[in-house]
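Here come two complexes built around chain A, the first alongside chain B, the second alongside chain C.
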Partner chain A sequence: MTKLGLGGITGSRQAFYVVLGLMAVLLFVPQMHNGYLENLFRGILMYGAMSLGWNLIGGYTGYVSFGNVVFFGLGAYTAATLSTHGIRNVGVAIALAVVIAVIFATLFGPPILRLKGHYFAIATLGLALATQEIVSNLDYFGGGTGLTVRQDQFFSLYYYVMWGICLVSLLATYAIARSKLGYALVAIRENEDAAAVLGINATRYKVLAWAISGTMAGAAGAVFAFANGFIDPETAFSVDNNIFPIVMALLGGVGTVAGPVAGALILTAINETLWSHFPKVHTIFFGAVIILVVLFLPRGLLYLFRTRLSPRIFLESLRAYRV
Partner chain B sequence: MGLFLQDLVNGILAGGILAVVALGFSLVWGIMNIINLAHGAFIMLGAYITYQLFTSLHVDPFASIPISFAIMFAFGYVIQKYVINNVARAPVLTTFLLTFGLSLLLVNLALMIWSGDARAVTPTYAGSNFSVGPVTIPWAKLATLACALAITALMQLWLARSKLGRAIRATSMDIGAAQLSGVRVAQVYSIVYALGAGLGGAAGSLLSLSYSLNPSMGEPFIIKAFVCCVLGGLGSVEGALVGGLVYGIVESFGSQYIGTGYQDAVALVVLLIVLILRPTGIMGKATA
Partner chain C sequence: MRIQNVGMRFGGLWALSDVSFDVERGAIVGLIGPNGSGKTTLMNVISGVLKPTSGSVVYRDRKISDVPTYDVCKLGIARTFQIVKPFANLTVLENVAVGSMYGRNGAKRSTSQAFDASQGLLERVGLARVAGKPASDLTIPDRKRLEVAKALALDPDVLLLDEVMAGLNLAEVDEALQLLRKINDEGVTLIVVEHLMKAIMLISTTVVVLAEGKKIAQGTAAEVTSSQAVIEAYLGSRFAERQAQLAEIKRQAEVAQQLERGLP
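Now for the complex of A and B:
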């Protein structure tokens, strides 16, 4: 199988700096005192963190997870449950969400990460669906009706915290990509048997990558619960929150540092434009956008930074994978 | 004992439909290595075709099975030939997302046409049933099971005996060798996906008698089809049949003894256990 990555371990360095600059600009969004924009950009930062998380396991390690929303949902429910018990400090909620994500990944990682390809993808999807169903059956978590999340902190705080989570995830991805861990993960993606022969403890690295991946999504979920003020199984484990981060990573560039954040920004912009112009049919267009990206831009937008622009690059993948 | 038997019968009745649901999914996965996330949407479209024929033209739901098979077959052929064949050999992520996008598109198109309201197909015989000892069996469900078994048997016969069936089996065994023997792989792929879609449509028609219809009704069946394939082994007709029946029975007993709310969770836990203990399925080959 040929790889969809960009070669190189971090992808384009320039793109990384562009995204860092963008992050600096995003810090000032709450200053505009526009509730709509603050919500929109908090969403982008949230998806940025989740997409970076997915990218670590799905992009760098090559284990296509279709259930990373489970960490997001657990994080959101952690914050909501703490809030109903009177603990409304977002920092505490994030810390506990991270601990739960790590425990969950360590518990389920070793058996599930033995599976490859489709089996891994569906096992993670099944894990997310089963967790959602169990949560919606437990009265302690509000059952199917969900939980109201009371917040008593200054509201824009949640924006800044989400920004911090996205930035930390971005920098962590950069650091991981250039570290021994990053090379080990890419080695596992390219050829797991060969990596094992070279002395890489594949299981340990895969579980570690999945745990870090879950940490990013879990922290984002905790903040989301406070900012949203309400959580039910359908929102916390939603299909959107499961699939958007994957499409974003693909749109930006799978297995690159900057790709997921760039993808989050662009896909949210596309989705928002479609939604405001075609409120009834925007999901149809969204389906079409996914199909077009997969067919014509499977290496992601960052690839365009790397090569001379010509119509040919949009047809490359069609040539490579046609039967 | 009566309850036990009733659960067993319910499980078998549900399992027959699941076998047809899984069959189309299994062929596409086993032969082309594509997880077809649009399979649920095909099932949904099949159900709506039956609904539309029943309400506008008073066509009997059972008589509409070949029609929804044919319509979905043609649709699947076009999709595979002009879209999916272009990336059929790409890594997992590509075809996963591609079929997911297709599913999103179809489900929301259906939402636009038929709205999100629940619909039902209610022929006059829908409520009638008969009893054997302590067990009650609805006629419609028994007929559905018979149709499901007939479809499965026809597929098995066609794959085993026809020239095209042989070409399909050859392609799934060794794509290179099949090509060398003159099999046109792109053509086989299009036919296989068309069959998958057609069987999905037929399954939808069968389901329309016992499930209420809405545009997202097909989605739970994707994961169910997957579980059936894993249980029974991939890409074979017997595998889908065994997987469907086992799944139907597990689900029926699960909802009786653990709670209806946990129906899917029980099945998914079974899936995880099977995947972990025997990643290639109960009846699968030694290598994936």
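Now for the complex of A and C:
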């Protein structure tokens, strides 16, 4: 037995090191001078960061948010708006996106995080849709037609920055899962009443978790705006950007450090393969994959690291999580 | 600690009405009463989980109802839940460590200090053998022990125990009683709700009896068990009446005997 019980709440340690190793490899993708690959892997890193963000509130704290895309969209719009004013420094854009995400979470967190379960999920979804509507109706943000984002710096910079955001999110999640904060979040997920009696101010920690979660998505959004060169409400607040991070976390392992990044890699790989082989019906296969994972591997692929592989695991999971 | 005229209403039902008693420092107060008499509700009010509709609980000159639930433990009040609330996906040790990290002295402890302190507590309550298991794997008696360990992790001055002995066998009840006495010897005031009369009578310095949300008796174990109101509450008014009738018949018989003896 390690000092922190069952290896603590970080999830499988090996999986974390494997993902760290993968991150090191991903640093060299731009050296291949292949535009397609660079785009693909920048997408993976972006989703990795967003999924890590979602995992903090949805996985660790147990508040299943369907509105984290709001932070991503606000981050993207922050970068785009700055760019229209002649400020094209990606660092400044990220910093401002983070500040906005924190303000947004602190403002809307206390009322929304009072809700539980389905109610919280619906409220966050409503928040995302409302924000998208507001942005599309403000001419200052280009309305429905969107904004062009000028890229001054050499293009691969955005890849490296996205890589950095994903890595920082990964390490931050690891640090949180090993800290008191991590245990407060998990205690809230497991039983909020019991957590309160043990001295945990649930509202404070939930808002904090959501703010950190938003920081990760917001930063990714800012870089996305630069890399994409163009932002409109449909892309910034897209359903894909809302759902993919959640599915990735589920696929990799909810409430583990490495799960979301592993999930982002695997899901993108599946998606790309299906898309290139079955261009017309790939979404059907994609949907099937999601359903199979939820049914047979609700604890995520990384759970397989912790147990011996046998068909029993799948059947047990199917039974254990049946409604 | 003073419990002053506490009333608690749920819709049209007064679960508690006008309950008052004082808890002396270092006492062991047994709280008993038939099912639905308001014992757990009173525990919820004292621990700040419920705000009373009327009256107040005052501890060290502070009204508990003015303190947020998560700060009550910082005053030195800890509780267990009758319907146990373990963090199912955390290990037993982690469950207790969360209390160590966020309880009264939590701010002073690092994560590893919290784990060390918790390990000691698990040994005290007899859970060291399952420290690394997820809490969801525990049996009911072990879950009750876990509740006690979690509450102790908060370093309380007042410990509220809500039916922690339910489901234990006789030997285990003895162990539990010894543990409670030891905790009390260390200066912790105990308020104990328990269905096991024998256990409560053995350990309590004062017993408070609730029935239908009202306090019907208070005193030592002996005083309370001989109280007419308590017998009525537990065994029904007809039983109490019959007991009274029996006593009357016995008395009359004695009078008759005396008279007989008094005759020449």
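The definition used in the following text is that the second predicted complex is superposed on the first by the 312 of 323 C-alpha atoms of A that agree within 3 Å, B and C clash if a C-alpha of one lies under 4 Å from a C-alpha of the other, contacts with A are read in each partner's own complex, and residues count from 1 in each chain.
Basically, a residue touches a chain if its C-beta (ideal position, glycine included) is under 8 Å from a C-beta of that chain, and two chains touch if they have at least 3 such contacts.
Treat the numbers as computed from the prediction; the structure is a model and nothing was measured.
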| item | value |
| --- | --- |
| Chain A: partner with more touched residues, chain B or chain C | B |
| Contacts of A:Ala123 with chain B and chain C, given as first, second, both or neither | first |
| First (chain B), second (chain C), both or neither touched by A:Pro111 | first |
| Touching partner for A:Ala195 - first (chain B), second (chain C), both, neither | second |
| First, second, both or neither for A:Val294, with chain B first and chain C second | first |
| Set intersection of chain A contacts, chain C complex versus chain B complex | 1, 3-4 |
| Complex contact set, residues of chain B against chain A | 29, 33, 35, 83, 85-94, 96-98, 100-106, 108-109, 112, 185-186, 189, 223, 226-227, 230, 259, 261-262, 264-265, 268-269, 271-272, 275-276, 279, 288 |
| Chain C-touching residues of chain A, taken from the complex the two chains share | 1, 3-6, 8-9, 178-180, 183-184, 186-187, 190-191, 193-202 |
| Contact set on chain C toward chain A in their complex | 47, 49, 68-74, 78-79, 81, 85-91, 93-94, 97-99, 101-104, 106, 111-112, 114-115, 131-132, 134, 150, 153-154 |
| Of all residues in chain A, those that touch chain B in their complex | 1-4, 58, 64, 66, 111-112, 114-119, 121-123, 125-127, 129-130, 133-134, 136-137, 243, 246-247, 250, 254, 280-281, 283-284, 286-291, 293-295, 298, 317-318, 320-323 |
